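What follows is chain A paired twice: with chain B in the first complex and chain C in the second.
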Partner chain A sequence: MMFCLLCFLPIAMYLHLMAGQIEISFDSFFDSFWNYDAKNTAHVLVREFRIPRLFMAIFAGAGLSLSGMLMQTLFKNPLAGPYVLGINSGASLLIALSLMTSVQFFQSNFGLIGTALIGAFAAGLLMMAVAQRLKSQISLLLVGLMFGSFTSAIVSILESFAGAESLKSYTMWSMGSLQQVEFGQLGFIFLIFSVGIAASFLLVKPLNMLVIGEKSAVLLGLPIKSIRMFILMLTALFAGLITAFCGPIAFVGIAIPNLTRILFQTSNHRYLIIGNCFIGAIFLLLTDAFIQVLEGHISIPLNAITSIIGAPFIVFLLMRKLR
Partner chain B sequence: MVILLVILASCSRQAKQSQQSESKEANLCRYSTYLSVFKTNNGYLIRIQHPDRKNERFQLNISSPANDLAVLSATHIGMLSALNEEKRIAAITDIRYVYSSNVQKRFKQKQIIELQNEQSMSVDQLLSSKSEYVIYSAFSGSFSQEKRLKKLGVHCIPNFDWREQTALGRAEWVLLFGVLSGKVPEAIQLFRTIEVAYNRSKNSKIVSSEMISGNVTGDFWYAPAGESFMAEIFRNAGLNYVYHQTKGTGSVAYSREKIMKDGGKVKIWLNPGFPTKKEIIRVHSKAKYLPFFNNSSIFCYTHNSNKYWELSTLRPDWLMEDLVQISAGKTTKNLHFYQEVK
Partner chain C sequence: MIQLKELSIGYQREILHAENMILEVGNVYALVGRNGIGKSTFIQTVAGLQKKMAGEITLNGQSISGMNTKEIAETISLVDTRFEGVEYLKVKDYLALGRAPYTDLFGRLDPADWQIIQDVACDLSIEHLLEKFSNEISDGERQLCAVGRAFVQETPVILLDEPTAFLDYINRKKLLELLLRLAREKSKCIVLSSHDLELCLDQSIPLLLAAQGKISLHVSLSKEEIIQAMS
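Right, the complex of A and B next:
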């Protein structure tokens, strides 16, 4: 399985790169790196549009799947996802406050991405603070869901009072896109992403212990509180980073970890981490390539395609569980 | 059974006869597809055709001017303002989107109330405004409160000016407000003035270099389709609109890559949706890579969006004057709606 994924990732990357509406020669492709000319449309297209979009599809697919896997193992619930922590809600709330109110405190100079990043991490920190006071995982899950409902209510109120321009800016951000990331930002994203992946491997043993149940894991000497904090921190890191740069992307974080578990037939997180990274990246690359192929005929937002594929898959999982 | 058939046949004949008698009067509207206004013995007959449902036709006989009106769109305010009939406005949706200083003043004096959204407005509030007529736009297909308000004796009139395919067809809806305010001759006169000015300022041929319109929303660039009302204005203003040959009366959605490819020779960018380049980049950071971001003249109406939305439907002649000036690359300091984006 691992070998198949290793072969398939470069194929998916190639398909994604070539799926654009404009044909670009290999020469132009390589020149855009080594002899970049800002006035050459082909160079600008490759360097500023296709490459960031390609890597963002990889980072977002892998990151969301990984954080979904972490949440599902922590909550022992196959329907938990990265957004149960309210990361998306935190980012949306801060963006809404900065765009749709004139309160000086919320007016940041970091741009939309910076503001979303701060909002996402603030929500993550808040949830971690709450997690320290709660014993039950279910309570934490509920707090996350309540936080999401609370923030979306505030955003709705802000929307009803917002001016046309600010409402437009907010709506544009909330539609989500893999195309907002700039070439220069990829290094920063790669760094954070690599740290996250490395940290995930440090969690392999505790995650494997959590599979047998929290009580048994504690009896085996697992420091549950600190592990829980570590998992939450990692999830906040991945989901926060991706939400800030791409906006909300639905269902990847719930569907891919389940698909990985089905395909790998294991609960060993060493393989699940690698599998989630590969399958998540390949899934988002192919989905986005499909959107690019359709772009000449019909415009479909990324979120719509991920939901169309993800929602029936989750229903299938539920049916399988209920049987 | 035979008696029933005879009754049915006579009924259908009667209906035909009544239609024939109505159509004897000349329709006062010449450009509008959906609005017809007929003079009758005791007033005016308004007939409004639903743009999508061919069997749905609104009809109302108005014999005297209305004292209080609830107007649910900015263009309605603009048309009543142009007839100096703001005093008849009793309710609007949102004061923040109003340009008319008279309406703002009357709102401050609590002579006008706010109803908020067309779909979620409060019927109680509307009734408190004592409006006799509600003019709605039905942007979402229908007006949810219509049946309830009808039972309460309030007439609801749909306004489909935004669905018209020609600029003058849109402006002609001022006749509806002429009927409602008892100023039909004035409305006809105003429309004639607009018509003459619009036709006079039209360009017979394309004079500008390539022009693009719109901006990115989500992952796509939305621009007026080639057969839309906006594309018609661009053509008449002499603007060489990049997508003038596309099909459709709404908008087209293209990928950023296509815009990069098609925008290579663009020298005029209209309607980016923001009043400054800084704001464009704030929302759409990659706009700076568009070939026409730095090398073209950018114009938008967002310096005063309220004025644009309130008056541009009624005054296509002003819109045309602005665009003609932009297309000719003349001095663009005294434009009605547009301003250069810097």
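Right, the complex of A and C next:
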């Protein structure tokens, strides 16, 4: 399986790079790195649009899948994920505040990331507190959905007060897109993701212990409070960062971890972490490549495609579990 | 060795008070009592999962209140009434989790750890289940695996909360005999809650009788006396 994914990732990257409306040769692609010419349209296109979009698809796919996997293991619930549990909603709410109000510290690019991280982490803490008081997994998901509805309602109120320009920028952001990242920001995002993925590997043992439940994990020596906080921070880091740069992307965080478990047939997080990174990245690369192919005719938001694929998959999972 | 001193357990009000007692290594103790009397709460409290209301629990001479999570994991293992199995978790990986208190940061197992797992699987006759997924075996087999995980943890104290609930008579008897042998040969102190009164009496297991708000230790009570005390 791992070998297949290793082979398939470069293919998905190639398809994504070549999927745009303007044809780019391989030479222009490499020249845009080593012999960049700002006057060459192909070079500019590759460097300013195709490359950031390509890497953002990889980072967002891998990051959302990882945050979903972390949530599913922590809550011992295969239907958990940053979107369902309101982690994205927390980030979205604060971003809506930043884009549609005049609060100044929200304005810069890094302010926006910080805002999303705070929102995601606060929502994660809220869900954690609720989870401690609820025994039913379904109740927790319902609370997550209620929280999502609540934040949407606040955002709607903000929208009705917002000016045309800020309303437009929020609406564009909320559709979800991989095109909002600039070449210069990739290094920073790569650094954060590398740290996040390395930190995930430090959690392999605790996550493997958590699959048999918190109580049993504690009796095996797991310091549950600090591990819970570590997992929440990591989830908020991935979900918050991606939400800040790409807008809310639905269903990747819930569907891909389940798909990975099915394909790898394991609950060992040493393999699940790698699997989620690869499958999440490949999924978003192919989805975005499809959107690029259609871009000449219609403009489809990324969120719509991930929902169209993700929602039936979740229904399939539910039916499989309830059968 | 477990030493209990004026132990009071419960949630907001006391539900059970344990007499001062010492549970020695090399022995199996059966905690018996009616449904809802607080047997599980007692086991959870001794395991450190539930706060005691008053009194003291000492494990091998060390108060449980002063022990950290790792020290408790190296001293006590607990088998719950039911292990429901986990999707895509193989039995061998489930048993391997018992080595978690002793493995490195990444949970890697060395050949000695795998040998312990193999030996326990052999003792419990569950070698044929090792490669199977834990959610695809029967309730009884899963319960044996849960007991196996506690054995793999190699702690001096083993607590079992109704471990025989999903086992047939042959497996119940076999498990009890195995626990007795393990306690004797490996110097373990084993406490199990059970409704298998006859089986415990047959094996002459000392009883921790939970009745009328108290837990007391008995070594020679007849079935009739126990039933009378319970009712």
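One rule holds in what follows: the second predicted complex is superposed on the first by the 267 of 323 C-alpha atoms of A that agree within 3 Å, B and C clash if a C-alpha of one lies under 4 Å from a C-alpha of the other, contacts with A are read in each partner's own complex, and residues count from 1 in each chain.
Definition applied: a residue touches a chain if its C-beta (ideal position, glycine included) is under 8 Å from a C-beta of that chain, and two chains touch if they have at least 3 such contacts.
In this text the structure is predicted, and so the values were computed from the model without any measurement.
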First, second, both or neither for A:G20, with chain B first and chain C second: first
Contacts of A:L302 with chain B and chain C, given as first, second, both or neither: first
Chain B versus chain C as contact partner of A:A164, first or second or both or neither: first
Partner chain in contact with A:V44 - chain B first, chain C second, else both or neither: first
Touched partner set for A:G221, first chain B, second chain C, both or neither: second
Partner touching more residues of chain A, whether chain B or chain C: B
Footprint overlap on chain A, comparing chain B with chain C: none
Touch list for chain A against partner chain C, complex: 78, 201-202, 204-205, 208-209, 211-212, 215-216, 218-224, 261, 264-268, 270
Interfacial residue positions of chain A with respect to chain B in the complex: 20-22, 41, 44-45, 48-49, 111-112, 160, 163-165, 168-169, 171-173, 175-180, 182, 291-292, 295-296, 299, 301-302
Touching residues (chain side chain B, partner chain A) in the complex: 96-97, 116-117, 216-220, 253-258, 260-261, 264, 273-274, 282-286, 289, 291, 302, 305
Residues on chain C engaged by chain A in the complex (per definition of touch): 47, 49, 69-70, 72-74, 76-78, 80, 83, 86-89, 93-94, 97-98, 100-101, 103, 105-107, 153
